[in-house]
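Note that the chains take the letters A, B and C in the order they are written out, and that residue 1 is the start of every chain.
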Amino acid sequence: MYPKNAWYVACTPDEIAEKPLGRQICGEQMAFYRGPQGRVAAVENFCPHRGAPLSLGYVEDGQLVCGYHGLAMGADGKVQSMPGQRVRGFPCNKTFAVVERYGFIWVWPGDQEKADPALIHHLEWAVSDEWAYGGGLFHIGCDYRLMIDNLMDLTHETYVHASSIGQKEIDEAPPATSVHGDEVVTARHMENIMPPPFWQMALRGNDLADDVPVDRWQICRFTPPSHVLIEVGVAHAGNGGYHAEARHKASSIVVDFITPETDTSIWYFWGMARNFNPQDQALTATIREGQGKIFSEDLEMLEQQQRNLLANPQRNLLKLNIDAGGVQSRNILDRLIAAERAPAAELIASAQ
Amino acid sequence: MYPKNAWYVACTPDEIAEKPLGRQICGEQMAFYRGPQGRVAAVENFCPHRGAPLSLGYVEDGQLVCGYHGLAMGADGKVQSMPGQRVRGFPCNKTFAVVERYGFIWVWPGDQEKADPALIHHLEWAVSDEWAYGGGLFHIGCDYRLMIDNLMDLTHETYVHASSIGQKEIDEAPPATSVHGDEVVTARHMENIMPPPFWQMALRGNDLADDVPVDRWQICRFTPPSHVLIEVGVAHAGNGGYHAEARHKASSIVVDFITPETDTSIWYFWGMARNFNPQDQALTATIREGQGKIFSEDLEMLEQQQRNLLANPQRNLLKLNIDAGGVQSRNILDRLIAAERAPAAELIASAQ
Amino acid sequence: MYPKNAWYVACTPDEIAEKPLGRQICGEQMAFYRGPQGRVAAVENFCPHRGAPLSLGYVEDGQLVCGYHGLAMGADGKVQSMPGQRVRGFPCNKTFAVVERYGFIWVWPGDQEKADPALIHHLEWAVSDEWAYGGGLFHIGCDYRLMIDNLMDLTHETYVHASSIGQKEIDEAPPATSVHGDEVVTARHMENIMPPPFWQMALRGNDLADDVPVDRWQICRFTPPSHVLIEVGVAHAGNGGYHAEARHKASSIVVDFITPETDTSIWYFWGMARNFNPQDQALTATIREGQGKIFSEDLEMLEQQQRNLLANPQRNLLKLNIDAGGVQSRNILDRLIAAERAPAAELIASAQ
């Protein structure tokens, strides 16, 4: 239950630097590799000769060569050659539109005619020298929507991440959720509170005092299919909070690209983009390590939640005001999935 | 296929000392914890908010707090509070009757109205200063009835535990099985034999010679749902055997509480209670270690037996005289299970 | 989908030297052991008493004794004794014809009346002093026919074993496949090429120069049910190749006995027999180690190929000329399996 006509993050460039990568995305087995002119390509991970995974092969002259018997495939899914064989009649492989942009490889698992690179959101932090980015990848055994729920309701920080970014004041500040077309925004502002350990570290990283009251904000933005970008930060109290001048605050964007592998597993690309001291690579590493530890705390919770839900299909979950972000995001997803599954029906309906 | 209207051992107090415990018992997912006044409580291990396992949370003011978003549940399964929420309309969780007694936490997984603490058997060895107890817990992948069979036919000691408690004379002494209401007793007496290594150790522990002939006994008592308590011991030969005075013998009770997790897995609480040198904690530890090693020898046999039975559903097993203890125990279980499943039918039948 | 009326390699003598061996072959659970006079026997691995695996027991006086309660079974599957029991009415176990020959234990999993030891192929290399043999055993998660395909098309050496026995010239030499009754032969000859590393080692082992051009051959012979014996070798170029005198060449037989465990897993007995320096045990060990490394390179490919095929049942694989060996072998297997499944129908058909 995920949209397939959408751009998902498939992998990062380092994952295909040495050899092809086999990865399942939205139920499709894909082989990613660098083809002609080093451009990224993705084909069905299945050799038409004998069914070997093409990702176990290698790239030669821009072609993906099967590691079993040497069948060479082009980025168009057509078999180009095979030692001692005429390959004209060989069946073609499915191909998948891929785009390398913003430091990620993006893939469109669905209807390939609809794959328009212009539909990839602009990510200013990924192209500007004023920003630095660090991140990682987790494989998690849960429905991608449980991860969206998690990120669109940061109340959980108080409980799951009590020792780093959690604090009681999050609970006490009700979030406000609004929907703008296909975008859902859940915002929470906390005023005049003490910064938790992670933000003390970030304040120090920005040469700011870490032991004084701050205003803190979390502005979560969901956009389909499953991107959640979260503006987070603290400013020394009384300087305008979110709108404070840069010299009073430490702020960043939590980056979450959630790619379904199956109905109950995901590739979770997480990271943080910041616009203070962007040239400080040691700080990037420190933040990345801290964030990795924090986000790994969600793993057990999400996987056990998934198992509990599978074991209790008859239970209806609650939809509270803190859940509004996830609920609204799911509404948008339901609409997109329905439209994908019945495009003809929708056309008729919209003509009436 | 297990009675649910019965008291099972769920866990030991040390398992819930630090944090809640999630455990499946008779197919029910339960969260165990110490609630108000330190009393043990058990609720369905499912947060009504978003399905997280409550056992990943913590206890605060006697309430079980979900570790995901802070929902607090009372021991009655009612939601008491949640930050920023009105919880009056929240659905209740199932609760399970629990009793802490004899050094164990007991749970009643079935019809809660029938959970009468008076139905827990009296265990003299657990309350008397003249006895000492040591034990442990194994998780085993087998039907709980295979474990009952195992314990109600100690012939297997000769083969599975040849180096510790097994000896050929067990084989040669036919057991006598009798049924008393819901209790099954299988008794075996061996006269004038040499003690095997485990009993040599126990004789020494009781300051008795370990190199002289003994009379040995094993009296296995099954009571529903799946408790097997075994009186075992040796007395220097010619002093009356089982009825010998304490100064001539080393005797103890093998304690087995078998709690079904699923149809093919169990929580097996094993231990030994003895009434000689009860204050000798080093001896308790030695016996516990020895018993743990011996009982672990059954694990592979039981799990492979279970797999063999699942793979050969068409095979009828034999019911020999040595199997009488297990067979009679299963008869009682079948009767209890049938009565549970068709209480109305039984009422009608008994009224005719 | 495998013939059951056939001799398969079940195990090697060292596997039953210390204790019985439990192994599933063609879907049958078997217990192998040395019975009366040290002769190998195989019975269903299921104790008729309580279903324990007999392979967990031990051998006493030529009988297989169950390790749970002491039931003793003869090689004829009849229960011989059990402590304290009369065993006359006990059900018999299935038995399997076994033959120890050529350094292997062979088993006939199907119709026992048809088990004729004369049907085991003669293996000259296994009985002649002029040959030495070394080998090993792998468990692989794939259909046994994928392994036959692998061995009947050595084109894959170029890709999977590039650093040892692979070389581009294999690709360039088209193989010739012929069928002789139930035997399939795929032969490939390469002339005047440089020997790859494995063959350099073998040339040195035979006191021959390893840096001069050679003629190389691979003659793969499939015989049912799943034996692939491959004559391989190199001769200094210009001496007649395959027909060169022994002093010009290093040659051997790659031995592959493939025994189905289930439809998607095998016991793969691999090895190499050579007729140069047969008394050199260090060379045997070196070759065995090298071959083990090379053959382990196939494991990941075969297991991922199997998973890919299971996930894509709708895809038809190609049958190229290089696949002729595997395709013809599968044709023979299909015929044998059909004949096994409809023996009556075949009898009628042949009588018309």
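In this section, a contact is a pair of C-beta atoms (placed from the backbone, for glycine too) under 8 Å apart; a residue touches a chain by one contact, two chains touch by 3 or more.
Remember, it's a predicted structure, so these values are computed and weren't measured experimentally.
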| item | value |
| --- | --- |
| Chain copies touching (subunit A, subunit B) - same or different residues, decided at half shared | different |
| Magnitude of the superposing rotation for subunit B and subunit C (Cα, nearest 5°) | 120 |
| Between subunit A and subunit B, centroid-to-centroid distance (C-alpha), Å | 48 |
| Two or more partner chains touched - positions in subunit C | none |
| Subunit B partner contacts - residues on subunit A that touch it in the complex | 149, 153, 155-156, 158-160, 171-172, 174, 300-301, 304-305, 308-309, 311-312, 315, 317-318, 320-323 |
| Residues of subunit C that touch subunit B when the two form their complex | 29, 45-46, 48-53, 56-57, 65-70, 82-85, 90 |
